[in-house]
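Down below is the structure, laid out as structure tokens.
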Amino acid sequence: MFFAGLAGALLIGWFGLPAALYERIEQPLQFSHALHCGEDGVGMSCEDCHAFADDGRFVGIPGIENCAMCHEEVMGETESERRLVEEYITPGREIPWLVYARQPDNAHFPHAPHVVLAELPCARCHGPHGETTELRPFERNRLSGYSRDVWGPSISGLGTEPWEGMKMSDCCACHKKHQVVESCLDCHK
Amino acid sequence: MDRQVTRRGFLALLGGGAVGTVFSPLPWKLLDDAAIWTQNWSWLPRLPRGEVRTHASHCTLCPAGCGISVRTVGGEPFGISPIPGHPLSGGALCPLGFAAHHMAYHPCRLTDPIRRVRERGPLAHVPIAMSEAISEARAWIGAAGGKGAVAVLDARPERVISTLYRWLLEPLGGVYVAAPGGEASFDALDEMLIDPPGPVGLDLAAARTCLSFGAPLLDGWGSPGALPGDVHIIQIETRPSRTALHAGRWLRLHPGTEATLALGIAHVILAEGWANEPLLRERGADFATYRQLALDLTPARTAELTGIGEGEIRAAARRFAQEGPSLALAGTDPGGGPLPREAQLAVWGLNLLVGSFGPPGGIVRRRAPAAPRRRLGDLPDRSIQLLLLDPSVTEAAFPWSLVARKLAGDQAKVISLSPYDAGMALRADLVLPAPAPMETRDEVTAPATAPADALALSRPLRRPPKGVLPVGEMLRQLAGEAAGFDYEALLREKVAAIEASARGSVYEPATGESTPLSGDLTSALEEGACWVDERPAAWPLPEFRLLGGGADARERMRRAVFERPNDAGLVLMPWGWRGAAGAGALPQVAAKLYRESHLRGEADSARIHPETGRSAGLRDGGRARLGTPAGFREVVVAFDAAVLPGVIHVATGPANSSFGDVEPVLGGLVDLCRIDESGSWRLTPVTVGEA
Amino acid sequence: MDRGILVRGADRAPLSRFGLWLLPWIALLAFGIYGAYACFAYGLNQTNMDNRFAFGLWIFLDLTVIALGAGAFFTGFLLYILKRKELKDVINSAVVLGFICYSGAVAVLVVDVGQPIRAWFTFWHPNVHSMLTEVTFCITCYLIVLLIEYIPIVLKNRRLRQIPAFLVFEFELHKLMIVFAALGTFLSFFHQGSLGGLYGVLHGRPFAYREGFAIWPSTFFLFILSAIAAGPSFLILITRLVSRITGKRLVGAGVYDLLARISGWLLAVYIFLKSLDTLIWLNRTAPAVGFLGYDFYTQPSFGTWILFAEIIIFGLLPAFILTNAKRRRKPAWLVTGALLTCLGIAVNRYVMTIQTLALPTLSFDPFLQYSPSWQEIAAFLLVVAYGVILFSFSYRYLPLYPREKELGALKAPSP
Amino acid sequence: MKDHRVGNLRFGMAIDIDRCTGCGACMMACAVENNTSVPPPEAGDRRGLTWIRVYRVDNGKPYPENRTVYFPVACQHCDHKTPCVPVCPQNAVDIDPQNGIVSTIPERCLGCRYCMAACPYHARYFNWWDPVWPKGMERSFNPDVSPRMRGVVEKCNFCHGRWQAARAQAAAEGRRDFREGDFVPACVEACPVGAMTFGNLLDPGSEIYRLIHGPRAFRLLERIGTQTKVYYLSDHAWVRALGDKLPEGGAHG
């Protein structure tokens, strides 16, 4: 009996919990990073779309006019490109992307110090996102409302990959490793 | 036995479950998420996201026309800061200006027209459709027959909008009226000068000495707080205003004796021969009379009447006459109301004596001709059947009775164009929603006190709510879509005219430099530039009447000067801050300056000298009941050793309701005040009792 | 009907009477719960605290209650460590009292903080420099200790004793009592002290700031002393109150005498050191940071009289009464002395909390006053009612006073 | 407490009392910049949220001897023996070792208010009410400062939102250092008479360095030894005397 209970609890904890905790939401539109920036793709670089504004702010998700630069009208034959042009570019609507790496309001993450000064590659925190051929569903934590990527894909929180987890503890760990002098206001606004 | 086993088994199951749970992420993950939730729970407002941009523009909250740089996130303004070195504001911005973008969300904000239904209570109203409102307004306008039956009250003339008002009035034989009050009143000056060479301005920046008769130079004169140049201020004011407290010299004169002191100073100037008498005699129709009046008023007598020491009077007079260029200003804070006519004449007159007309640092001429306007006081009583209030009148602080006595009884209608149902809009039977700051392109002209004309734009930086029309468009519809009622076109014409004149200079906020006007002004203004007219050459001293017009001019001045306005009893003197003197809507955060810190006098807070207070049976921080023939009002008492005994200075606003978290109230303290024949409400005998 | 579970041998009032006695307290409890609910639902604007009076009635009374609760650990210390066997008579009631005081105080603190759901962060991200962390940790641990000490008393209930397992468990626990007594003593010393340190370390508040040894300001030690001086006095008061209400001689006369003697002498020592400390503070500590001693006492409501009252009326006087055998044997004197001692502690805690915040620090600060709102009072009455009810139950069903039987009635038949 | 100062950057402010006209622009700019909520009317002046608060102080004398000045008081950012830092039980308050900004992190705060009792400058404010804003106004919030919830303490952080933005910009330009004018807090930018100066107290070339080492400089409650980084300037002895607690007070909030 003891082991039955043990097994049951373990099952619930390891598999029931994630299923119950996260709600999966499909992205409004499909997008293939591989197609755009892979060497077998158009060969764009991350910075072509995810750039810094002149005041040092990271623009993050590019605006629709950015897509319009190439996709003024349909070039390929993919369904999502057609939708891109018809539903967003032509009417000039922004795409309501669901951002995997979105931090909460009270956290401030400046890209410039990490990308420009520390010269971290995007993949260090975002993983091989740039090589994906399609956008996985956004997983929203029902309790905290955050993206699953903040905690990391593995429910145990003990990710094996360096980019797993974008919690405060993950930031601090890296800062500690590189002897970055810390204070609350570095990252909290 | 079995039961024993199953029970034990059950316990074992639980035990296993417990152990398993501990070794599963469940408790830890949930604990962590719960912790995160408590730090950022869902009913906390979410921050806006989007690209952050900065735009140069101008503030339209008051006539000062301060240059501002506006930060927007995703097309929504979130931060306002002053533009250093701006020609109109000199890098300053008043407290309210910093929260101008909050006004769009003021709880009193109107997005639909409202019709007053007074039978359900003084402020009860119902929302109606814009089309319905317009047609109703037009019906009222049509119904108002006869010359002067329709009037427009505007606190900021000289704008394109003012032209549209005139066009609207023309076919109706209506009158365009400048709202009473404001810091500087040039009415008396206009009256003094026989055919003046156009409108005048004040060149305070270049002055070295300034005799300010109550002008709130540091409380909101032009751009609040920022006083250009290093002018020595002699503040002549009864109230310990911040200007008085920070002036080079403060003369605390008895209430209502400004005329006396001004003429007393004139006495010293004339007696000691500082004035250019031959010229004055040649130009001044009534100089001899004036001179005699002044000489009759000995410094001793002046000192006795005004309560200012003889020495002080002589010192002030000498400094004013010797340390030129110098200016004498007849101005008051917007709550205090204008000085009486005679006082204004006496004060402006001082400038004539020392030759401050024309040269830099004095009273200078401005280029653009002033459009004709009437004074409210000059209209016959009970003559107006339909009154239209410009948005700029919403926050005005004059006593409503000034207007009410001109309205033709109860059937007279009042229509207010206003973004908020607050302040003067509460008096209107129909309120048409006007855009809030930064919602439409708006025009900024030089304040009346500026030395030269100017033109700049307030740029549309956020989308106005659905159904809210620009003021120009509303006027077009009120005029029955008459031809030519095109605000934008008129504005372009105005700019084009300036371009054509190729006069003046353009200040570019981007570079912070002024360059002579050349070529395309329109696009420059669109980018937040500010055009400033060049100064006309000094002008010859025009003909003038020091005592003003009228057969009894001398007698009136004599009375004003030699009779002490109030001999016994307490006097009530209202006062208010620029932009916050009336009961108009204010940004909610302005509550920080009033409720949360008492830095500024909240509505109905009274400053009284401790002795006066105690003898009236009041205590510091207590409440008092003020009574005048016009009614009663409760005020909060604050003892202040700097206040003149016998005087009660009561702040006119803002009322608690202006911050939007309380129900608006009709009428303010000024409605208790006595209004003299020249339309001044500065002094009112008052009775005080403990509340 | 509850005869079967009443304390064996001791006679208790019929259940109906007991219920009647509880009724008003339950009403009070309900009122208190309502007050506390208001604070949770609408926020702390329900109180009359403000940005200057960051602490109010609650903190003041918490400090007092915790000081009075010191009787628990101190009696335990005397009994188990110093082997003062005569205290067996009161140890049980002392433990219950202590538990009531501490749990009550913690309950009020939960209402007092702005974000109770985040209060546990103190254990997650503790700041070891903070006296408040020390307090939080010690009080939490000590509350657990008190709970453990409470258990055997509960198990002594005659119905529960019939379960063999419990009997064994209780016996085992008893052998451990000395350990818990020691632990409790250790913890209590620290948090009583830290509560004093709470204010002593505020160098921004020269009225409260005290110099000291190492990281501990003098108030750290004064609070310990005053607490262990007041604890026994409080125990005396409560025991006498109970025996007056129940009309029973609950403990041997020697117990009162011993408690009073301890209380008296400790108080004497405390007052001596307190006076010394006050002199140093007025003449050295405060002036050194630009605050003049007499300036603290210029406010009408906080004149020098408060200092006088604290040291003479509530200090020397009770010490004078309790240290003398003849006087403390007279019940009237005994009660007066004990009462004054407890009140003295209250005054001291009041001065440290309220007066500290009322006094201006900046030269252009006004002197401010504060009076609690009904919600604040209600939330505290909640604790009082809770205490009375819990104690009543304990008295009715648990052997709080082991020698109650043999000592028998006071004189009048028991109510 | 150990001295944790790192590097040669110490943010500080100098406020010229003789220039301040008490207009309140600093208070408004501050409230807007930091998305400060407005408590209901019953909050009065004792339960408000004014990160910077201007006090009216006069010498209590009648005209013509009467003198009045205005004292803008924000967090003084004590550099030494910072009263609020060691008392916080859960590290919600810390002092940035790199620039000396004393910060408060509301999302860590449990609302025990011990730090408020510790602060002699009354620079800390508690959210006695749930923050409420007019409908839809969160759209015009400053995106760089997170709003606070009920039951937590907040105070001036030298406009940390601006500091973070400035630092990001500097990083984008490839530099780590702070240069004069990289950023100033909203209040300093707002002051219409230029009475407030902000900068690096340790930079001998800076304007603020010159001011705080001049004869006009003084600090509030200097003798408590908190080494505040907000300095005040005045020519008048009676004003400078206000820095220390005076036996006779002579003050009117």
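Should a chain be cited, it is by its letter among A, B, C and D, assigned in written order, with residues numbered from 1 in that chain.
Here is the rule we use: contacts are C-beta pairs under 8 Å (C-beta built on N, C-alpha and C of every residue); 3 or more make two chains touch, one makes a residue touch a chain.
Model, not experiment: these values are computed from the prediction.
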(request) Please indicate the chain closest to the centre of the assembly, with centres calculated from CA atoms only. (result) D
(request) Check B-C against A-B and say which one is joined by more contacting C-beta pairs. (result) A-B
(request) Measure off the straight-line distance from the CA centroid of chain B to the CA centroid of chain C, and report it in whole Å. (result) 61
(request) Calculate how many whole Å lie between the centre of chain A and the centre of chain B, each centre taken as the average of the chain's C-alpha atoms. (result) 51
(request) Starting from the mean Cα coordinates of chain C and chain D, work out the distance between those two points in Å. (result) 40
(message) What's the distance between the Cα centroids of chain B and chain D, rounded to whole Å?
(response) 30
(request) Any chance you could list the residues of chain A touching two or more other chains? (result) 55, 57, 105-106
(request) Quick one: which residues in chain B touch 2 or more of the other chains? (result) 39-40, 44, 46-47, 52
(request) Spell out, as numbers or ranges, the residues of chain D touching 2 or more other chains. (result) 39, 43, 48, 55, 107-108, 146-147, 149, 253
(message) What's the complete list of touching chain pairs for this entry?
(response) A-B, A-D, B-C, B-D, C-D
(message) For the complex, give me every residue of chain B touching chain D.
(response) 39-41, 44-50, 52, 73, 76-82, 91-96, 98-99, 101-102, 104-107, 218-219, 223-227, 240, 242, 245-246, 250, 252, 462, 587-593, 595-600, 609, 641-642, 644, 656, 659-662
(message) Considering only the defined contacts, which chain A positions touch chain B in the complex?
(response) 1-10, 12-14, 17, 21, 53, 55, 57, 59, 63, 104-106, 141, 143-146, 151, 155-157
(request) Using the touch rule from the top, collect the residues of chain C that touch chain D in their complex. (result) 43-45, 49-52, 54-55, 112-116, 118-119, 121-122, 124-127, 129-133, 136, 198, 201-206, 288-292, 294-295, 356-357, 360-366, 368
(request) In the complex, go through chain D and note every residue touching chain B. (result) 21-25, 27-29, 31-33, 36, 38-41, 43-45, 48-50, 53-56, 58, 60-64, 66-68, 70, 107-108, 131, 133-143, 146-147, 149, 186, 189-190, 192-193, 253
(message) Looking at the complex, which residues from chain D come into contact with chain A?
(response) 6, 92, 94-98, 101, 103, 105-108, 144-147, 157, 160-161, 163-165, 167-174, 176
